[in-house]
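Have a look at these structures, which come just after this line.
Look at the two complexes coming up: chain A is in both, with chain B in one and chain C in the other.
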Partner chain A sequence: MSAPQVIRAEGLSKSFVVGRDLLGRPTRRVRAVDDVSLSVGARETLALVGESGCGKSTLGRMVMCLIPPDHGTVEMHGQPVSHRSERDLRQVRRKAQLVFQDPYSALNPRMTAGQLIGEPLMLHDLVPRADRAARVAELMEAVGLAAPQADRYPHEFSGGQRQRIVIARALAAEPEIIVCDEPVSALDVSVQSQILNLLVDLQERLGLSYLFISHDLGVVQQMADRVAVMYLGRIVEIGTAAEVLDAPRHPYTRALVASAPVARPGKRRGSPPVEGDLPSPVAPPPGCHFHTRCPFAEDICRREVPALISGEAGGAAAACHFRDSLPPAEPPRPAATPSPALARLMTAFHAGSVP
Partner chain B sequence: MMPRAAVLPPPDFLPEPDMAEPLIEVQNLAVDFLSAEGPLRAVDDVSLSVERGRTLGIVGESGSGKSVTSLALMGLLPRRSARVSGSVRLDGRELLDLPETALRDLRGDVISMIFQEPMTSLNPAYRVGDQIAEAVERHRGGNAAAAWTRAVEMLRRVGVPSPELRARDYPHRLSGGMRQRVMIAMALACDPDLLIADEPTTALDVTIQAQILHLMGELQREAGTGIILVSHDLSVIAETCDEVAVMYAGQVVERAPVAAIFEAPEHPYTLGLLGALPARRARAGGARQRLPVIPGTVPQLHEMPRGCRFQGRCPFRIARCAEPPPMEPVGPGRESRCWRTPLEALAA
Partner chain C sequence: MSTALSQSPGAGAPRKARSRTGLIWRIVRRRTAAIGLGFVVLMIVLAVFAPWTAPYDPLAQDYTAIRQPPGWTHPFGTDALGRDILSRIIWGARASLLAGTLSVMIAMLIGVPIGLAAGYLGGWTDRIVSRFVDAILAIPFLILAIVLAAALGPSLQNAMIAIGVSAAPLFVRLTRGQVLGAKAEDYVEAARAVGNSHPRIALRHILPNILPALIVQATLTLAAAIVFEASLSFLGLGQTPPNPSWGSMLNDAQRSLSRAPWIAVWPGMAIFLTVLSFNLLGDGLRDALDPRRGST
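Entry: the complex of A and B
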């Protein structure tokens, strides 16, 4: 890991005030992100997974310097970028772009596709005015839109096309890293795969890095080189996609992987992988946050916060006191394997060949 | 009042599907929305049936007509702007001819529905216990105290911890998963014969989704409820349903037992959907594989092609696809709306 990381975050924490007394003094805080470190290398995709309220979106915005952290630092190519002036931050933000979940609310309905994609060119003064239209056409083509569509307004596009506009707009700023916050969650399956392929193509062509925030383990499996799992503001496990998803160590990751439905016909038997609700993030349980729902919890888990380190056998780092003594996780249920005839048929369908 | 079997045998002991009288039988259901440019057909020629104790999944993408279908079954579409035709028979009784007052007696009693977002379905100004008790009093009569007791009992049954206390809470005090449990408690409080669940877990996290789906399965086994589960998620469908109806652009394009859908789909759209699923697939030498895609997008209601509605995106299309294909049997207990069946012959 000697190559300079595109983004390196160290010990990031952020809490938000959720209750104030009569005089406006904060009385209750929620620790959205609690001492999190991560890094994303060049041309790498780090997926951030976890359930709602785990702090993954807050973390993504801190990495982009959209929210200042309470503690910790963010470095870009080894240069510290957090705690800088607004003017310096503008440069940082150009290099780190954000793609949101909902392409319906991310686009100004009164601007045409061409204006939306051209705006970053103007704001960052990247392309001389005379060349902007040509650059917009180029960007639209790169994301699979036709250049003549530049005069249309967002409502004239489908959901998938709108997400393409959002991506073209992000690309316009010539970023090095794109934080994708649930980029395909609002899209239908058949459109979702088109957008995921586009993101992979762009990564290979432009050498982009992605911080890919998602709750969908199927999508994460498709996209991620490495995976970080968050629970109530902390990373509980981080490692390569194969390590984390195929042989999860932390009991929460195991529950997450086992809970995800799989496209394999047949009713599930037995009780659900994890009981109970997510505890309130305002008053998270002491020690390991997961101990209230963990089948392996013991006394130490209620008292001490486990460190996020690799086990004796190496592999993914897991924040669990029993990372070395837990029984091996049950292998995840595989999706149904298509029969040879079905596989041939699928290939014919997706190749677009007409038998 | 119709007699109702309180305890039915578990589904394994039910008669074979072709012997059983379907609980609900839908034939040639069509829904037209009246618009300034004339009627728009949102649902066209939909035929379905569900037996007691079994689950039918309706899967489709946004705009496929799956939610409109379920609202039409409940008689919940506005009568002014939506015209529903065809036949919906519940236990042999035609629902589409019933006046609104009679439908109101059925809804929440014989048929219940769970929606995607529990917060918009619960009244924020009433305690959840009162909301469940209201349904019980409306359909079962009896006094308020008995209805409250039933509400608490239902909350206990759906796994809400300390139900006596939670029944006194307002909806905003509960988490998303707890609210959906309340919705299920309300829907099942009168032991309905048929439960229509429209994306019941889409707004929930996966660990909670697993809990809710498990709960629905358990309650179904206890009471023999027939379930129609509407979902866009093929994985959820695979793990919960007995039969599946795949909808595309307002029509059911394929109907089959769940295993058959996944093992040998008989409609090109189903085939394309299965291929496009992001899944835990093996990676060849670390290189990231492209996901197979279905090119193009769903046609809009006002520009529906005359023939097969999938023809614009289908690599298997032939000249004949310009004519509308009928829904035809393609094997035991299954039908498909495609001129090119059996598809297997295409891959030979």
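Entry: the complex of A and C
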């Protein structure tokens, strides 16, 4: 842990005003992010998982200094970067770039691909004017686009190609970390894997770090070194991908892993699925936010906020009072042997008989 | 032809020229918009070349030919002072088109930057600007223009200023609303992430994307400004006699409306057709500039 962290966030909180009285004074606030700390090392991918509305995107934008935190600090290579002037922040932000969920709205429709990718070069004066076109061509080829397409407008590209433009633009700023906010969830499945492979490939070649925001555990498993699970603005479990996804400790993580689709017909879910709806983030439940939906909840969960620490046996840090005493989770991964249902299906298929 | 081109991404080379012909083509393809464009162009040509296109001197009085009905020597007839109405319509087009264009330019020069600032900065700037604009918009447009024109003194130039200032709040409100819509787009956040300064985001990223709405509003306001210039001239607050403008011609005509109605018909028709043409052109532009059709 002594290796320098590319990005380190300490105690970040952010609340948004959702209601105002007649005089415009805030009456209701939603705590989008509540006292969250995380760090991303060099060449590391930290995945941020959670339901929609849990504060993933807000956290990602605070880490990038796109929105100022209410509390907490962000450090880059040990240097505090939050709470600086707008001019300084522009320099800081260059080191942390953003890849958006929706490649259709992330590109200015009135700028060509070349202008879009060249803009960071121009703004930060990274490449002399005369060499910019060549650098843009280089970047386009690095993300799998043909350089002559530089004078086309975004609407002339497909969704996957647009996401490649977004990635090329992020790379143009020569960042050290890229915040990927659901980068593939708006894309076709066949294109998803191409983009994911591109991201992995770029990480290896350029030594990038990723903060990878997603709700798709399949994608997370493919990409992540470490995983942080968020629930209602707090991180409830954080650890290596193997720890969190294969041996989840927090009941919420277990439910999340269990509800991920598994390519095995007839398989029973390992844990009961989460019941009830996500509580309103305007008035989150006291104590452990998850107690309203947790099958193991007891009195202490309604009163005290559990700390995010590792259990006695080590492994992932989980914010649960019973992190050591919960019954072991069923293995969420399907066993190698096919299920009886699948076996029946396969024999019926091979026999070609219609029952 | 341009639609076929824009669908085949293979055709690459003269990109700028292609998109420009594409825009005009998309207007011309809509028949009503094409008619509007044609009439507007005709009026502009007639007005610009008025010394050559007008058959008579618009100020020359001929007391042997007073209130003549339309005929071979005077196609549109003559007015109470024996002046040729066709020539006065053509010279009056200069005043009307100039007043329309310049007052819209004044309105946009005032309204767009304020609306852009209010929409982009938000907060107190926005609240103060919005309340102020709401208050001005509560005053009837014509009353406001009359008060301003009367305060400035009657002249065509002051009428243009009065109309421009009165129309500015329209552009403030439209620009502000459009900016609020565009600001929520991811590409604005992307521009920030990449390191654009706030002024650059507003001018380089937001303004080009809201321009279609502004251009459409400009054509529609231009039509309204021509009517208001006519109204102000009719009231004696615009073009100073004896110089012709369509509104002041109407004003002159009303005194002999029962004896010589054609004196009123021609300027009325000129106003009607020009305003209609600008409105048709504006509607056509709105469709042609729709970003979903992938213009520019």
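Points to keep in mind about this one:
Keep in mind that, in the parts below, the second predicted complex is superposed on the first by the 326 of 355 C-alpha atoms of A that agree within 3 Å, B and C clash if a C-alpha of one lies under 4 Å from a C-alpha of the other, contacts with A are read in each partner's own complex, and residues count from 1 in each chain.
Note that in this section contacts are C-beta pairs under 8 Å (C-beta built on N, C-alpha and C of every residue); 3 or more make two chains touch, one makes a residue touch a chain.
What you see is a predicted model; the values in this text were computed from it and never measured.
In the superposed model, A:Q221 makes contact with chain B only, not with chain C.
Contacts of A:N108 after superposition: chain C is touched, whereas chain B is not reached.
By the touch criterion defined above, A:R25 reaches neither chain B nor chain C. When both complexes are overlaid on chain A, the residue A:S158 reaches chain B alone and has no touch with chain C.
In the superposition on chain A, contact is made by A:L278 with chain B only, not with chain C. When the two complexes are superposed, the chain touching more residues of chain A, out of chain B and chain C, is B. Of the two partner chains placed around the shared chain by superposition, chain C is the only one that A:V166 touches, whereas chain B remains out of contact. In the superposed model, A:H350 makes contact with chain B only, not with chain C. Contacts from chain A toward chain B in the complex involve residues 51-52, 158-160, 188-194, 196-197, 200, 215-219, 221-223, 245-246, 255-256, 258-268, 271-275, 277-278, 332, 334-336, 338-339, 341-342, 344-346, 348-355. Within the complex formed with chain A, the chain B residues making contact are 61-62, 175-178, 205-211, 213-214, 217, 232-236, 238-240, 258-259, 261-265, 268, 271-281, 288, 290-295, 297-298, 315-318, 343-344, 346-348. On the chain A side of its complex with chain C, the touching residues are 61, 64, 66, 86, 90-91, 93-94, 97-98, 100, 102, 105-110, 119-120, 123-124, 148, 151-153, 155-156, 166, 169, 172-173. Residues 9, 12, 15, 185-187, 189-198, 205, 208-209, 291, 294, 296 of chain C are the ones that touch chain A when the two sit in their complex.
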